[in-house]
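Just dropping this structure here.
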Amino acid sequence: MPSCLSWLQNRSLVSTAGLYAFGLSSDAINLLSVNQSAKALFQAMDSLLSPEGDSQRTQYPYVTGTSVIGIKYKDGILMAADMGGSYGSTIRYKSVERLKQVGKHSLLGASGEISDFQEILKYLDELILHDNMWDDGNSLGPKEVHNYLTRVMYNRRNKFDPLWNSLVIGGVKNGQKYLGSVSMIGVHFEDDHVATGFGNHLARPILREEWREDLSFEEGVKLLEKCMRNLLYRDRSAVNKLQIAKITEEGLTISQPYSLKTFWNFAAFQNPTVGAEGSW
Amino acid sequence: MPKEHANWSPYDNNGGTCVAIAGADYCVIAADTRMSTGYSILTRDYSKICKLKLESLMEKRIRNWLFAYLGVELASQSFRRIKDKCDFQVYLCRFMVWEYLRADKSFMASSGFQADVKALQKVLSSRHLIYQHQHNKQMSCPAMAQLLSNTLYYKRFFPYYAFNVLGGLDSEGKGCVFTYDAVGSYERVGYSAQGSGATLITPFLDNQLKSPSPLLLPAKDAVTPLSEAEAIDLVKTCFSSATERDIYTVSSYILVFSFSYAFALSRGVNESSRDQKINTRLELD
Amino acid sequence: MFRNQYDTDVTTWSPAGRLFQVEYAMEAVKQGSAAIGLRSKTHVVLACVNKANSELSSHQRKIFKVDDHIGVAIAGLTADGRVLSRYMRSECINYGYTYESPLPVGRLVVQLADKAQLNHKACGVAARPVGNVDGIPFTPGSTFLTLKSHFTCWQVCTQRSWKRPYGVGLLVAGLDESGAHLYYNCPSGNYFEYQAFAIGSRSQAAKTYLERKFENFTGSSRDELIKDALFAIRETLQGEKLTSSVCTVAVVGVGEAFNILDQATVQALINEFEISGEEGPANESVAEEAGGDAGGAAPTEAGAATEQETAPMDI
């Protein structure tokens, strides 16, 4: 049992719960898992009972980034995110980079708590460093990175200490395009286009209408800009300074920050209550 | 004082419906492919059905069988190439049915919290792999049923929010369905529905299948008298109906795995909301 | 002959810079029945000789599936081999759990080799570099943990002092994105990649056969590899008849998960290639008889002992 106990205490990021125990008796496994979950529960109760200020776990985010949108296109993946960082309803930061490269083949975009995202980047740096240190011709692709991050997010939620992010992971490896998403509690999926937060409400309907498998780069960028402009109009924490990233078999490029042309003189914008009877 | 910030929950319900029906020599298991959170759809093509790893073993057995019957020359060609030759498909199908019956395996369909479901699937398939290493065979469906129950119960005090049906064939080749709650209580039944549409589908199945009461003594067999094709049709009807009232279920795209066709899984594309035609494609692989 | 003072435990060096316990472990590999491996660009074939301990007993399994893309053949102490292949299986499962992709063969081989090292170092546990993010082990947490459980759970009975090297050699066959691979893992913790290799008793004969043929292996088909594997195995039999009951063959390759061929299949191949008996391609076996193995039917391998210039036992 000493090994089991130390396992419990070990704060492994991606614990494989129960699998290492296959050398142990089933009673041991039983004890172990029940123990572990009971512990998690007690800790959770603890944090609910005590004033939040004492908690060493995340209860709410401080500085957050808003939506990220990712699409597959003819040659790879395109992703867009603006550069705002909101402190509650204040736009506190205006040059936050939320699209980052991971290894040779992957691109990561994040919405949610910026500090948690930067912590995740540290994990990934180390992951990729260790992967490169083998220097054996094998490398982690977007699928592996997505899965790893899913494990990280899910394990943190199991500890009632979530990383407050929704992540979008895209990439190309061996001619295979990959685009997926993970939420702060570990819900994950792949799709041809994904969007986090407000983007899931405002951008994905557009993408469902207009996305095609064989979008060219120009068409893809245009589509993303259309989505981002929509978000800019309707999402109060969106800012008009964004980056678009492209990843293909050839490599990754992240654009310089730029702004979208906007038009605010729509009648509905100038007098929103016209035609909305019963409102102010 | 009201809270000013968002709170979070470790659980979510990602919706979806799973149905399984056991027959005398088959088992049909089906689920829709929508994944949602709240009123939003996350993706429209997510499989809730988990195959418990079996391909490599099947391939090996098939090759060995080919060795025995067709000689080294043919069998040495890769399995995939042989499969492409339609002449052999008939043989292969028949063979696979036979092998499949003998090797009784199981499929699990789950709805609930997707992250928990995935973790559960991963634990189960890893345990299944270990079982295969240690015993050199597939786990039987009833064994997998017990393992699933134990796995769920291990997390009794921080449960997997997962609602499962497990379908397969038992050691006699008879269809079996096991149905669960989130903490591991389970029962062998003739049919079951789980997930957001379960409340709509279960009474419908009760009415249609008229299976003998489990209270009868001596116990009567719970498997349905329907033919396999009828069962598949019934499953599709279930989804068409549930779709009408449950926003988390869609009939436009469901996955149907049927067992006595062995590997041949059918992917039912059901456009019921427009016209009542239902296309079924049977395909190998 | 006087007793060697430097061979009582693995932590004592001889003045000549040798660790005798390790060398003895390598001897154990030579005592085991033969195992061979060979690879083409797309496939790796493992084969081994099954030797029963007595007329009345069955033989020990010597080839193990580790995962769909990796398998091992062992020679030496089969008990140690089982422990190590269980370790390898668990590493593969854990990697698959974290990344949903197969563990690259070369990486598993290095971890395995490190384990051999750890085992005969006095302090075993803290060994593999584990990246740290505020006290959190970074590499999936796996290596670290599994090692511990190995020490406490499995090795306690036979290796309480933690001072015995593993007495087994492993031929590791596998496939990953950089192609098909064949590695040999030695009890010393050394590992080598090979085009073809043979270990165990009378393996020299097989090695000679493989050395003569290996240049053609790269382009070989799966069946040609199996054929060469059977020929190589036959070389180690010293005139004994090759039947499916005295050998096991396993394959892994592109589009083919690691699998151990069943007896009927192997017998069919033996018959097909007509390699059962001594007759074979006559000139080949004659060459073997002459050059390959001086030891003849002697149970221990005299040939190998002489080529080592000093037998480690007496100095």
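A, B and C are the chain letters, set down in written order, and residue numbers restart from 1 in every chain.
By definition in this document, a contact is a pair of C-beta atoms (placed from the backbone, for glycine too) under 8 Å apart; a residue touches a chain by one contact, two chains touch by 3 or more.
Remember, predicted model here, so these are calculated numbers, not experimental data.
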Chain contact topology (line, ring, star, complete or other): complete
Of A-C and B-C, pair with higher C-beta contact tally: A-C
Separation of subunit A from subunit B, taking each centre as the mean of its C-alpha atoms, in whole Å: 30
Geometric centre distance via CA averages, subunit C-subunit B, whole Å: 40
CA centroid of subunit A to CA centroid of subunit C, Å: 44
Residues of subunit A touching at least two other chains: 16, 19, 22
Residue numbers of subunit C (touch at least two other chains): 93, 97
Residues of subunit B touching at least two other chains: 126, 130
Subunit C contact footprint on subunit B (complex, rising order): 55-56, 59-60, 64, 67-68, 71-72, 76, 78-80, 122, 126, 129-130, 133
Subunit C - residues contacting subunit A, complex: 86, 90, 93-94, 97-101, 104, 106-107, 110, 131, 133, 135-142, 144-146, 148-154, 176-178
Complex contact set, residues of subunit B against subunit A: 5-12, 14, 35, 37, 40, 42-43, 45-46, 113-115, 118-119, 123, 126-127, 130, 150-151, 154-158
Subunit C - residues contacting subunit B, complex: 65, 68, 89, 93, 96-97, 221-223, 255-259, 261-262, 264-265, 268-269, 272
Interfacial residue positions of subunit A with respect to subunit C in the complex: 2-3, 6-7, 10-16, 19-20, 22-24, 122-123, 126-127, 129-130, 134, 136-138, 140-141, 143-144, 147-148, 151, 174
